[in-house]
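Take a look at the structures below.
Here come two complexes built around chain A, the first alongside chain B, the second alongside chain C.
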Partner chain A sequence: MTRLHIDWTACDGRGLCAELLPELLAEDDWGFPIARDGSPSPAVPGPLEPAAQRAVDRCPALALRLLRDTR
Partner chain B sequence: MSDALWYFARGSGVVSLVLLTVVVALGIGARSGRTAFNLPRFAVNLLHRNAALLAVVFLVLHVVSLLFDPYAQLRLFDLVLPFAGNYRPLWQGLGTLGLDLMIAIVVTSLLRHRIGARAWRAVHWLAYLCWPVALLHGLGAGSDNGTVWLWAISMVCVAVVLAAVIWRLTPHFTRFPQRAERKVAERLRPLEEVR
Partner chain C sequence: MTVFAEAHTGAVQRRLLADGDHGPLPTPDAAQLVGMARDAGLTGRGGSGFPLWRKLNAVIASGRPPVIIANGAEGEPASGKDKALLAYQPHLVLDGLQLVARAARASTAHLYVPRPSALRAVLAARRDPIPVTLVAAPDAFVSGEESAVASAVAGRGAVPADKLTRLPDTGTLVQNVETLAHLAMIARYGAGWFRAAGTYDEPGTFLATVSGAVAAPGVLEAGYGVTLGSLIAAAGGPAGALSAVLVGGYHGAWVPADPELPISRAALAPFGASPGAGVVMALPSGACGLTENARIAGCLAGQSAGQCGPCVNGLPRLAATLADLAAFRSRPGLPAEVDRLTRLVTGRGACRHPDGTARLIASAMRAFSADVAAHLSGRCLATSGRFLTTEARA
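Then we have the complex of A and B:
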């Protein structure tokens, strides 16, 4: 299962990720991403992986990572 | 044939300066965290990146055409080692320096995830050196340095970058940008309500 890890110390709340991955992420009032499922590192369903990868690539603060653990 | 190379070198050089100007303005625009031209933020970011890659393409065309130009008489190491050239070494050297800076900025940007945010940002600041170096090179080195059209284009580029940099230096340009209306697809609006 792939998860999207958000490094809160790096994130500047620029909101690119929530634009690219609105299915998983919403913005709080300050622009910081929050997972729609409330989890700190939301699960990324297979079909959304390319979109999640794009969000990771474009984050200006390099605050996003995809964690692929083999369970 | 050799004249064609020379025309081509001048043309591609001017195009890369114009693109570089757009790239700097878009970089500052992306840094502002605002949406621009009705585009979402990620698109401003992508536009900045892709304009930079396009500028590299024209820069390569510029340099390669001069390498084969019988008048310019560039040697291969003139492409990387600044201020060693025979012809107007200062002005040509600025071009070489600009190319080196450009390579550094673009390579580190493409490897951003590998080298980390700090190192990337440190190198990316060189953009503010790269642009004026490219501008001066264009004005000083070329055979067009006295022409009205080159000065006109250059002055428009100066105006654009100056405006962007002055905006960049205003105090409300912070690391944490003002909130702007975010673009969300119509079908996802209902999801927005329940967050």
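Then we have the complex of A and C:
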């Protein structure tokens, strides 16, 4: 299963990822991404993988990563 | 050294804190050491309670250059046990460090402590086959978190790092100094001896820092499963009536001041608590739990390492909300807001500082639920339930 990992030490919370991936992410009170399913690193369903990859590629802080099969 | 033959229940006793010299250190190979630690059921005493043998095995299997660190940072404000151990029996810690460093084939090992100078002479007097370097731990709550420890030893700042892989899989072993001292005892006296203290599922003794409303606060040692009452009695007994006890530390949980309550994972789990790093802090009946909780939350919010948005923003917001509750600045939905914020920060940081803080706060809202209701209507149960004047409420 693929998961979206957020490096919180890098994320600066402009919320671009929540715009690119609204199915998975919302913004919290301060603009930081929060998974809609409440998990710290949300599972990415197959059909959303391309959109998730786009969010990873466009994150200005390089804070996002797709983790495959681990954990 | 006396070999104790007590029953499988926790009792106050001295093992790590016993007087005297334990004689030469055996030299088990890696497989023997991992086996002994597994048979003994030795778990981490730094708060997580994770089995040592699993981490050591992962470090050995990683194939990466080993980095072996004894963690004596003890950033936890309510804990004094690592400091006491390093002052009283530093050789047990250093013996344990040699054991794991040897098993991992490390060429050096590190001891990370707030005041390295105090240990320089102790180290110099030993003839350790694996040289030990002393690294200064900054005086901050998060400086003892394992990735912060690894970073400090690598010469960078003592701040937690993002975790894509578990630390042992990168060849780095961070163990609490007390855990290593237990390992040095196990290497000498065996797994069976170790298991004669504590409970079947949670063997061995642990160091407890007992503070708050007790007659003789200090560091004690007891088997897991020891009752709260026995620990407090050993600390001189309660100084007056108690309303609750903080167990585990500032990342721990509030539990009822029930003398029969065993200090073990199993018995504390229903309260969302665990023995953690052995902190036991007694709250006197005359003190307000909500005020104490707000104070601790404020302290923890100030200790965020300033890296992760939800922690940097969420913990101060939580602390401010709890300060409002403590000071009777109530508003509709305040408890629900506390609940929402604790969920909002949990799991959303590079380290588990937000998680631990949220756990403590959630436990306070449960343990002091009657106080919460009273405060919302402008009363405080701890200060004899009297109504406060409007001036005091403002």
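Of note:
By definition in this document, the second predicted complex is superposed on the first by the 69 of 71 C-alpha atoms of A that agree within 3 Å, B and C clash if a C-alpha of one lies under 4 Å from a C-alpha of the other, contacts with A are read in each partner's own complex, and residues count from 1 in each chain.
Convention: a contact is a pair of C-beta atoms (placed from the backbone, for glycine too) under 8 Å apart; a residue touches a chain by one contact, two chains touch by 3 or more.
Only a predicted model underlies this, so the values are computations on that prediction, with no experimental measurement involved.
Following the overlay on chain A, a side-by-side fit with no clash is recorded for the pair chain B and chain C. When the two complexes are overlaid on their common chain A, residue A:Leu20 makes contact with chain B while staying clear of chain C. In the superposition on chain A, no contact is made by A:Arg68 with either chain B or chain C. Rounded to the nearest 10, the superposed model shows the Cα centres of chain B and chain C diverging by 120 degrees about the centre of chain A.
Legend: residue contacts after superposition of the two complexes on their common chain; A:Arg58 is shown touching chain B, with no touch to chain C.
By the touch criterion defined above, A:Ile34 lies against chain B and chain C together after alignment on the C-alpha atoms of chain A.
Of the two partner chains, chain B and chain C are each touched by A:Ala10. Between chain B and chain C the least C-alpha distance in the superposed model amounts to 10 Å. Shared interface residues of chain A (contacting chain B in one complex, chain C in the other): 10, 12-13, 28-31, 34. In the complex of the two chains, the chain C residues touching chain A come out as 160-162, 164, 307-311, 313-314, 317, 343-344, 347-350.
Interface residues of chain A facing chain B in the complex, by the touch rule stated above, are 10, 12-16, 18-20, 22-23, 26-31, 34, 36, 54, 56-58, 60-62. Looking at the complex, you find that chain B touches chain A at residues 30-31, 33, 40-42, 45-46, 112-113, 116-117, 120, 175-177, 179, 182-185, 188, 191-192, 195.
Interface of chain A with chain C (complex): residues 5-13, 28-32, 34, 38-40, 65, 67.
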